[in-house]
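There are two complexes below, and they share chain A, which is joined by chain B in the first and by chain C in the second.
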Partner chain A sequence: MQRLGDFRLPPFFNYPPYFTLQPVRETREKQVQLWKDLILDYCRSQKLYIISLEEDFPLFSNPKIERSLSHEAKEVFLAALVYEGRAEWMDKGHKKCLILWLRIQDWANYILNFVKDNGLEDSVMTVEEIRSGIETRGTELAGIDRGVLMRALKLLEQKGKAAIFKGTSADDEGVKFSA
Partner chain B sequence: MRRRPGIAGLQNAAATRDQFRLVGENVAKVRTDVMKEQLATFRTQLEEFARKHKVITIELKWHSIFQLLSNFVYMNDIRKNPLFRQQFHEMCAKVGVDPLASNKGAWAELLGIGDFYYELGVQIVDICIATRATNGGLIDLLDLRKLLCQKRKADLGSLTSDDCLRAISKLKVLGSGFEVISVGKKKLVRSVPTELNKDHNGILELAQAEGFVTVEQVERKFSWSTGRAIDVLETLLKEGLAMIDDGHRDGKRRYWFPCVTLSSDSTGADAKS
Partner chain C sequence: MSAAAADWLPAADVTAAGRPVLTAGEVERHLVAQGDVEPEESPRLGPLRARLLVLTSHRLIFLHEPSRSARALPLAAVVHAYPPHRKHGHNPLRSIFSSSSSSSSSHHPRVRLQISLPPSRSEVVAVVVSKGEADVFYGRLLEAVRARAWEVVAAVAAAPAGGSSAAQGAPAEEDLAITMPVVGVSGILRMEQEAWESAGQNLQDAFQDLNALMSKAKEMMELAEKMRQKLLTNSSAQSNSNDEEMGSKQDMQDWLLSVGIVSPVTKETAGALYHQQLSRQLADYIRTPLEKAGGMMALVDVYCLYNRARGTELISPEDLLQACSLWEKFDVPVMLRKFDSGVKVIQTKTHSDDEVFARISSLAQKEDSLQKGISPSDAAFTLGIAPALAKEHLLNAESIGILCRDVSPDGLRFYINLFNEIDPQNMYMPKTHGVYHTWISVTAASQ
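Our next item is the complex of A and B:
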């Protein structure tokens, strides 16, 4: 089994034709499905949030079989994720893509469970604390993309589960959770 | 028995029940033991028979022995022991009986052998359909066996190619186009109604060397015109049996065939080196 860091790559990653967009519809669907799953799994395991199509991304080429994805193929696979709500284009030119291996809704639930499990109801945390504090270490929240986190928190705010307030500078926003 | 009132009466009744249960268990145990013994004898005879290929008095013996076979011990045996299954089939062929002709037949019903193959058949259909998107409905028999064993949580030795072939031959009656074709050294199981002609077979055979073919290779090997080669390859592509690969340095399009290559995770790399 080939690895990328500590990530186990699926068998299809070593099969050359999967790096060429398939012209036949059914074969293409299968191909896209495999790549979608791979991208999500990989980003989740490596805690990656943004894929830039302009830069090298380890998943999009396989030196072992000397194959890499064309720009078109990358865009097709990411567009399929966008279509499912598992990713978002960050610019009109489709150069950067935000990968949501948890949807915003799922992130909100995850935060809520985290708050409950740790008895943090009615207490205050700063946004930075959630991203890099001791409490969240070892959870999915550690190192979370700031934009993703803010959107999840805003969703919680809408539901009346949290209140976001600004500090003196833009960097120290805080949030108060309520049960 | 008149029911007597009082605690003593209840205790008495309980004691009686216990006694009955004990006796019952004993009887059952003795019966199972006897049956196991008889079955062991039967099996030895069966195996001996298969070895010597003698057909003479066997049919009479079969009859009396068959009474015993509804026992689960035997059923488990026939399900677990591939050698035994094969010998059984050999013997049936000699006596001129098809044990799989119908599940209603005395043979199939008593032995559970019908159920074994029908279950296998269902699992084969399952796997063929599940992998169709990857291999276009053509799967290497060995791959199929591996997947079957995974599904059944058994090791590869417990299920022979012979078992698979028998189960597949029974699937033909469904008219769904299940068929085994030989391509070169490999046996492939076809689960789509595509007719593969000689041209297609030739290409599949050629592809076994490296897992892929190029138009040039096909032309050279069969002395075909470019048009014919491309035409056949495009057909295979449309059927989902082939995948294109434009990523090689030499810039020549390769047609890969998952049904002959995708058996292990290192196939791609192997084909390259």
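Our next item is the complex of A and C:
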């Protein structure tokens, strides 16, 4: 089984047409579906949040069969993720793409479950603690993109499940969860 | 009109595309789009109406195109042809408004022919054609009757190989204005030496100028036919001759066979009917090469092949395209097809894409193709067709989801479409059967 780091690649990763944007609609729809799933799986396993179209992205080329995606193909596959709400363009030029392998809503729920499981209701955590603290180690929250985390926390705040308050510097914003 | 009423004339064969079948040595001379034949003396003989008149060197054929049936008057039976005249007092106004209805046709010019019908009956019939056509038709008819081309062939057939001066003598003693190609090559048969001398002479004459070439075209054709016959008899006589010699003889025979159309439809003979008749002749001609090519040929190839078969009187690409477009109107077994890419081909109506797709699909599932895909030239080789055409087939197969493409620095290649086989919910655990499974095991084995 072929691997990319510790990521296990599916067999069709060696299928050359997988790397050519298919012109026939029905075939392309299948191809796009497979790429969307693979991109999300890969980003989740590698905890990647941002794909830059300008830079090499390991998933977008296969040296073994000497194939790589064209710029157009990359944009088509990422746009399909954007369309589904699983990604967002970070600039107007579509050069960087934020991958949401969990939607903001799902992140909010995930945080809520994490808080409940660890008995952290009514306690205070800093944002940095969530991203790199001991408590979140081994969970999806470890290393979470700051922007994504903040949006999830704001969503919780809107629902009255959390309160964000500013500390003395930007680094130590805190959040108080409520049950 | 009933055909039975016209059974005083022998029936003539018509090709599938509605062209008269010409006998050996027979050449088409003139065409008139519409004409009637009316017996003037015997009411027992039924008239023929609204026929296409085909004047050949041997016969006057009355072709009924919708029913693909024809009657022919052998020119040998024509005793005398009278110049065109009008039967009744001519009223120009009426002639302008008159159509081809039977009552008004009597105001059209009539070319009266005295003919002798078997056993020994003399009749006078009138060929009624439109005003503008009459004089030309009469002129061509007279030329053809005087040339007595049928006697030449009969004489050649009657006196094979042995010394015959009759063949050359027959047309000569008529002392006529020679507008017909002289077919007196029976002398060639006498001695082989003479044959080659005459062939050399013909070649010299033929290339002096284009007109001379045209007048020699028929002789060249006969020469080619003779050479082919000779090659055939030689090769069967010495069947133990070496392979290389046999190969070159085979090439020669094929080449000679492709010099095929004895009487090409020309603008001169067919006039306004040119494209129609060209279309029908092309439909007849192309069937055999088309079957050989697997039911489909690129228009460019057809153009080359057809013009080579014509030899002289080459047609332009526009004429060919127009002739092909007319097929829609005729009930012929071939059709013009345009691919999405704009490539135009000719195919038989029975040609089915499904069969081609099945062959492409099985080609794409061979072990080699699973690993490396197929290029248009691979497909051309397997299907036995031109690469440009093979590419069209591959693109067609792609458009219906049999194949998908791979664009790389190596060019465009096609693979069997696996996208339908892969389950997105379960991309790591492929099914243990089917083409995706086969592909995985083949590519895994090659690594």
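We take it that the second predicted complex is superposed on the first by the 179 of 179 C-alpha atoms of A that agree within 3 Å, B and C clash if a C-alpha of one lies under 4 Å from a C-alpha of the other, contacts with A are read in each partner's own complex, and residues count from 1 in each chain.
Following the convention adopted for this analysis, a residue touches a chain if its C-beta (ideal position, glycine included) is under 8 Å from a C-beta of that chain, and two chains touch if they have at least 3 such contacts.
Since we're looking at a predicted model, the values are computed, not measured.
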| item | value |
| --- | --- |
| Partners on chain A (chain B, chain C) - clash or fit | clash |
| Which of chain B and chain C A:N109 touches, first, second, both or neither | neither |
| Chain B versus chain C as contact partner of A:T126, first or second or both or neither | neither |
| Which superposed partner A:N14 touches (first chain B, second chain C, both, neither) | both |
| Intersection of chain A interface sets (partners chain B, chain C) | 10-11, 14-17, 19-20, 22-24, 26-27, 30, 66-67 |
| Parts of chain C lying in touch with chain A, wherever the complex brings them together | 373, 398-399, 401, 404-408, 413, 415, 417-420, 422, 424, 427-428, 430, 436, 439-440, 443 |
| Chain A-facing residues of chain B, complex | 133-134, 136, 212, 237-238, 240, 243-249, 254, 256, 258, 261-262, 264-269, 271-272 |
| Complex contacts: residues of chain A adjacent to chain C | 8, 10-12, 14-17, 19-20, 22-24, 26-27, 30-31, 33-34, 37-38, 66-67 |
| Complex contacts: residues of chain A adjacent to chain B | 1-2, 10-11, 14-20, 22-24, 26-27, 29-30, 64-68 |
